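Each of the next two complexes has chain A plus one other chain: chain B in the first, chain C in the second.
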Partner chain A sequence: MTDRDTETDVHTDGGTETGADPTGERADASTDDDVLVRVDGLKKHFPVDSGLVSDLMNTIRGEDSKMVHAVDGVSFELRAGETFGIAGESGCGKTTTGMSLAKLYEPTDGSIYYDGDDIANKTGKDLSTFRQNAQMIFQDPFESLNPQMTVYDTVVEPLRIHDRPNQRARVRRALEFAGLRPPDQFFDQYPHELSGGQRQRLAIARALVIDPDFIVADEPVSMLDVSLRAGVLSLLERMTDEFGLSVVYISHDLSLLRHMCDRIAIMYMGKIVEQGPTEEIITNPKHPYTRSLIDAVPVPDPHSQRERVELEGEVGDAINVPSGCRFKGRCEEHIGPVCDQVTPRLERKADVEGGREVACHLYESAEGFDPYAEVGTADADADSDGSARAPGDD
Partner chain B sequence: MAMLEVEDLKVYYDTAEGAVKAVDGVSFEIEEGENLGIVGESGCGKSTLAKALIGILPQNGYIAGGEIRFRGEDLTEAPERRRRELRWDEISMIAQSAMNALDPVYTIRQQILEAIEAHHNWSRTKSQERIDEMFDLVGLDRERQTDYPHQFSGGMRQRAMIAMSLVLEPSLILADEPTTALDVIMQDQILKRINEIQEASSASMMVITHDVAVVAETCDRVVVMYAGEIAEEGPAAAIFDEPYHPYTLGLKSAFPNIREADQDLVSIGGHPPDLHDPPTGCRFAERCPMATEVCSREDPPEVEVGGLRSYCHHVDDIDTQLRPVADRAETWQNTDAADDRGLADD
Partner chain C sequence: MSQKHERSIFADVEEYESDEEFSAWRRNLRLWRSTLSEQWRLLTDDSLVVAAMAILGGFILLAFVAPVVAPHDPLERMYTESGLIAKWIEPSFLGGEGDFLLGTTAQGYDIFSQLVYGARPALLVGFVAAVMTVGIGTMVGLTAGYYGGYVDDFLMRLVDFVYGLPLLPTVIVLVTVLGAGLDSIILAFVLLQWRTSARVIRALVLSLRERAFVKAARVSGASNWRILSRHIAPNVLPMAFLYGAFAIAWAILTEAGVSFLGLGDPNSVSWGVMLQGARVYSAMTEGTWWWFVPPGVCIALVVISGFLIGRGYEEIVNPELQVEQ
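Right after this comes the complex of A and B.
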């Protein structure tokens, strides 16, 4: 058993009173290494035509089945107690990344390290501990809750599965924290009797009841009314403040991410194009895609003459992924063959200040990578990109 | 005379528990060529209002009072045959969920043709020319006309809906949450199209949304609805710069602005009232930080202030009491959100 496990138990037992602050203990344990989850080269590909007939036809033709490159080489770190945002258009792979973090998908390639161990190798008790520590909140509280289960059953279920003591008290405490008060009055209600905001609070209570280390929240407020959103958001903020939880916040709404997150990653077609402290990125985006994404956000002020960067067209083909930069077809700053042929690396740039990484050839690598040396050797690029890998590898 | 005059409109739904007063005495006008925004939360009656205007209320919905005058003609009295004539030809609609609004078993072209043929005896060539023109206008590839809805992405479907709503050159377009289902990039493209169409045509538009930023970018005038009633109405600039209704102030402060760092997002505590049996007096009183005893006793008066029409008892006090603190979260935590705070401090 690792240190963290013991510590988690302490946190669990000590945390029975709401407001007890476990962050002190947590901080001690995390000083040497405050990275909670490390994602390293994560790839998740989905087969497009996986039916029996398609398989047969592919075998006859000697072709590999086609793959959607939903997530295609993503690396980042989630630090203890931070809120990390992942932003991008529909289909950029942000949800797939989030679900892989919670081990709801098995990666095609790459690894996710939780507490230093690859989660792919976790089995038995280890896996069970991980499942308790990684929770997920989904977008739609109308679909993510079982309509046949009462509020109490919904929240107590994780405790029953993991055989925790003091179930009733824990459920009561979780509901109270989530703002469903008085909790006993909600025990016997069904999801359909709750409003949208209350349902999402219920989903949060269920995620929290097991005292997780981190929560993946996938568009947790996009289905809620504007006047109720802030309430749910402040709940998420209190989770990080009071329990030292880490949160991965997935959304296409950059104004919300700016409000919520310490650091953000901008994804495009399965890759991170820019990543770093939220304020740096929102106030001074460097990647042309980040800039378009920020400029596309409407401003609630009729006087603002918002500058519109023309980003026409849609996200490219995630099956036959283009070589070079994936954004090249929509990019206004396209600078020639280097963009067409060489996949930009997500790295520190010599001419970009601050703590951020950008994947764009407009800036000069601070890590000694010379993309121009690779122009004309498209094959080498394809290998390093990994897109030529046979899907049968996993 | 305004193109559309809505006067004291009441739209109710029959349910097992009695009538739900979804729209309860709403009056406003839309001038020729004007873009009006209707803003409010779910359940405030904004979509019901649109359905009543175009005449597609569900079976249990009915107009319980008031008038809808379109160019002087009262539509609440008009027979279904007349409503059908006007629908799409004069008043069209861009629905929120284009996936559900489009028929999955017909091609996009067939569906637009059907709308044309229901109203005009145009030749095939003329119809086709018109469809081509619309596809160009909304930025869709003409070749894709023979595709089925499922072959389109969400953004393309929404464009197809817009093309369809414009094809007969209606005088009034009702856009019900036209961009809510889309991500920011698509939303931006659709808003841009809507702005272009507004400039190019003389049609009036009514944009219904909960997204105050969308309204800020597309509308000349704004109606803020709450619990089936109008809370405040006036020019967009005045509504955003200096609203006088506490609800408008709250809604504005609840909305994140990407241009602002360290914004304190507010959550308006409590819930909208039950519209089976709405409370007497001001319907927002229960959630309002400025509410006094008179608010839950008497209906708020209509007050003309700062270029706005505002329904509030405390218009005179808002500058001193609420406006300076409206952007602070604690101001609005008068109900369940206040409990949140108490618990955290324990």
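Right after this comes the complex of A and C.
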């Protein structure tokens, strides 16, 4: 019922003058610069032990739950046709960032602009347009497909929701493109009848069938057999090229991102520590965390067998976020009180050439920020947001 | 649409193929048939389940054709040739006078006829109560699990409250208040028993709604209704069926128990009512086993069949159980 209602909304709105207006504005905004997605100070905090049962217990006890700062102030831009990678260990907030991009989470703070519009404000027709333009590929193809739905029903669902014509021909085309050939033979199969690689191809076909502009791919091959990865990766590459898509790849695997992405961002504890053109960062990492990540990569081979990046030391506490640099506990180049007390900003550095931003006090700010001036004056800077967080949404 | 990229593998789809008339209806029927036949095959793999289905099927058939099979009306008084009420007659195979297959009761009713007609209330209560309990339980579980928050809070407190009530005593009290009869027994049973399936279905929904395929549906733009009806409900259906099978057995047991205590429908004969009659007239001390053993055996057979089918189905729903065996 509800989706029917939305669909009728779409049509009626589309016919009127007011409905056409925002589209025009958006087109203007995107011609100014080529930025498709702009993330501005994104924060997403979850209640500790997020899960309904404990939520419920907290509600009953009347306690204010503690928050995990999964994403804590992330900003970046994705230009149209660009591939952008987000790297980091598990738990660094990269998946949460990706899901926020696909509007699966509402940000605790900050905004995500798609084509110039804040996606948090999208409703009705705008939301429906966004849902047709932004898709997501999930990590685990055994989880991301409804076990009770056939291949055809899975792929056709977005078309049904958005009431597109020629559904069968489109499904056939998408399956063919994803390498499930001949498509008609897969129509009535259930996910459990497919191999892992075929499942991920099916998930890709579902994302592509609606002809999106923007895709978030969350660890698209990490659950697959090593032997199947190359095939799926080359499918993803073809997808980016032939559709002219803008893609955000999320992975712990730097060699994969190096292979796939124009630019990358390295995340640590909910913040980006270094960001810039992929080759620059991989061949000449500046942030101590990026360096240790890259040192942990044994073979720079996109098809290598490694599953996880394991580094020395514990990842810091994401509930009671420490003051100063979040990497200070594991950093080998720690340079004293400035690291302990002053949160490094992600900024251009005077002594780092190229189009890159680094958040570390080892380098001198190109924007005139003097961290040493703030030593001792308590960390009144960015970390004060820990107390000013908005409690209890989600 | 406002696609930003120019290239598209779908560019010519519009031209080269008109929207074909694609019989969704026939395709769905075929898919349903294959799913059902697959489940049927798994279910009938177990000979115990097959036996249970045969027994239950036999009783269902009996309930339908009761007027044909039963020689007399269950509440029709029998008379001997000498014109006296034919009470305490022994079964014909034990040489009792007249032609009463299982003899007669203390009031002169034909026991065999009562037994045959007794299948009707038992199965009626079983199926109606099961469908209603599981229907309500599934609705509550889906709503609570999917929407969470205060809705969940409220519904689950309600479940907790109902859990605090013991089944048989509460049913007895309710039936006393509502008036004896099958409908009050069904109502009382349903009021109490939706709690189990509600809780189990809710737990299932809680885990399902966090699954990535629900997120994927949301990214595709699916509404809450679509996610609930297309993605979550089909995945809880097997569990609902399972609880339905068990609820049949429980409802029949409850009806028998409540009737045995004299709170059954006074105008119809059920196995529980028969047992109650046997108790009231001390058939036990008289040693007239043909009065109380047959209804007891019938109750046991139907209930065990229900449990066996439920258990067999459980193995399909939870494949892990198969491994353990």
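In this text, the second predicted complex is superposed on the first by the 321 of 394 C-alpha atoms of A that agree within 3 Å, B and C clash if a C-alpha of one lies under 4 Å from a C-alpha of the other, contacts with A are read in each partner's own complex, and residues count from 1 in each chain.
Following the convention adopted for this analysis, a residue touches a chain if its C-beta (ideal position, glycine included) is under 8 Å from a C-beta of that chain, and two chains touch if they have at least 3 such contacts.
Because the structure is a prediction, the values reported are computed rather than measured.
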item: Which of chain B and chain C A:M99 touches, first, second, both or neither; value: second
item: Touching partner for A:D211 - first (chain B), second (chain C), both, neither; value: second
item: Contacts of A:E242 with chain B and chain C, given as first, second, both or neither; value: both
item: Touched partner set for A:I294, first chain B, second chain C, both or neither; value: first
item: Chain B versus chain C as contact partner of A:H259, first or second or both or neither; value: first
item: Touching partner for A:A230 - first (chain B), second (chain C), both, neither; value: first
item: Partner chain(s) touched by A:F177 [first = chain B, second = chain C, both, neither]; value: both
item: Superposition-derived comparison: chain B or chain C, residues of chain A touched; value: C
item: Common interface positions of chain A, toward chain B and toward chain C; value: 177, 242
item: Chain B contact footprint on chain A (complex, rising order); value: 18-19, 89-90, 176-177, 179, 181, 195-197, 225-235, 238, 242, 252-256, 258-259, 279, 282-283, 292-304, 306, 308, 311-312, 314
item: Footprint of chain C on chain A - complex, ascending; value: 1-3, 5-6, 23, 26-27, 30, 36, 52, 55-56, 59-60, 80-81, 99, 102-104, 115, 127-129, 131-136, 138-140, 143-150, 157-158, 161-162, 165-170, 173-174, 177, 188, 203, 206, 208, 210-211, 213, 242-245
item: Interface residues, chain C side, partner chain A - complex; value: 1-10, 13-14, 16-20, 22, 27, 30-31, 148, 152-153, 156, 206, 211-213, 215-226, 230-231, 234-235
item: Parts of chain B lying in touch with chain A, wherever the complex brings them together; value: 41-42, 139, 153-156, 182-189, 191-192, 210-214, 216-217, 236-237, 240-241, 250-252, 254-259, 261, 263, 265-269, 271, 329, 336-337, 339-340, 343-346
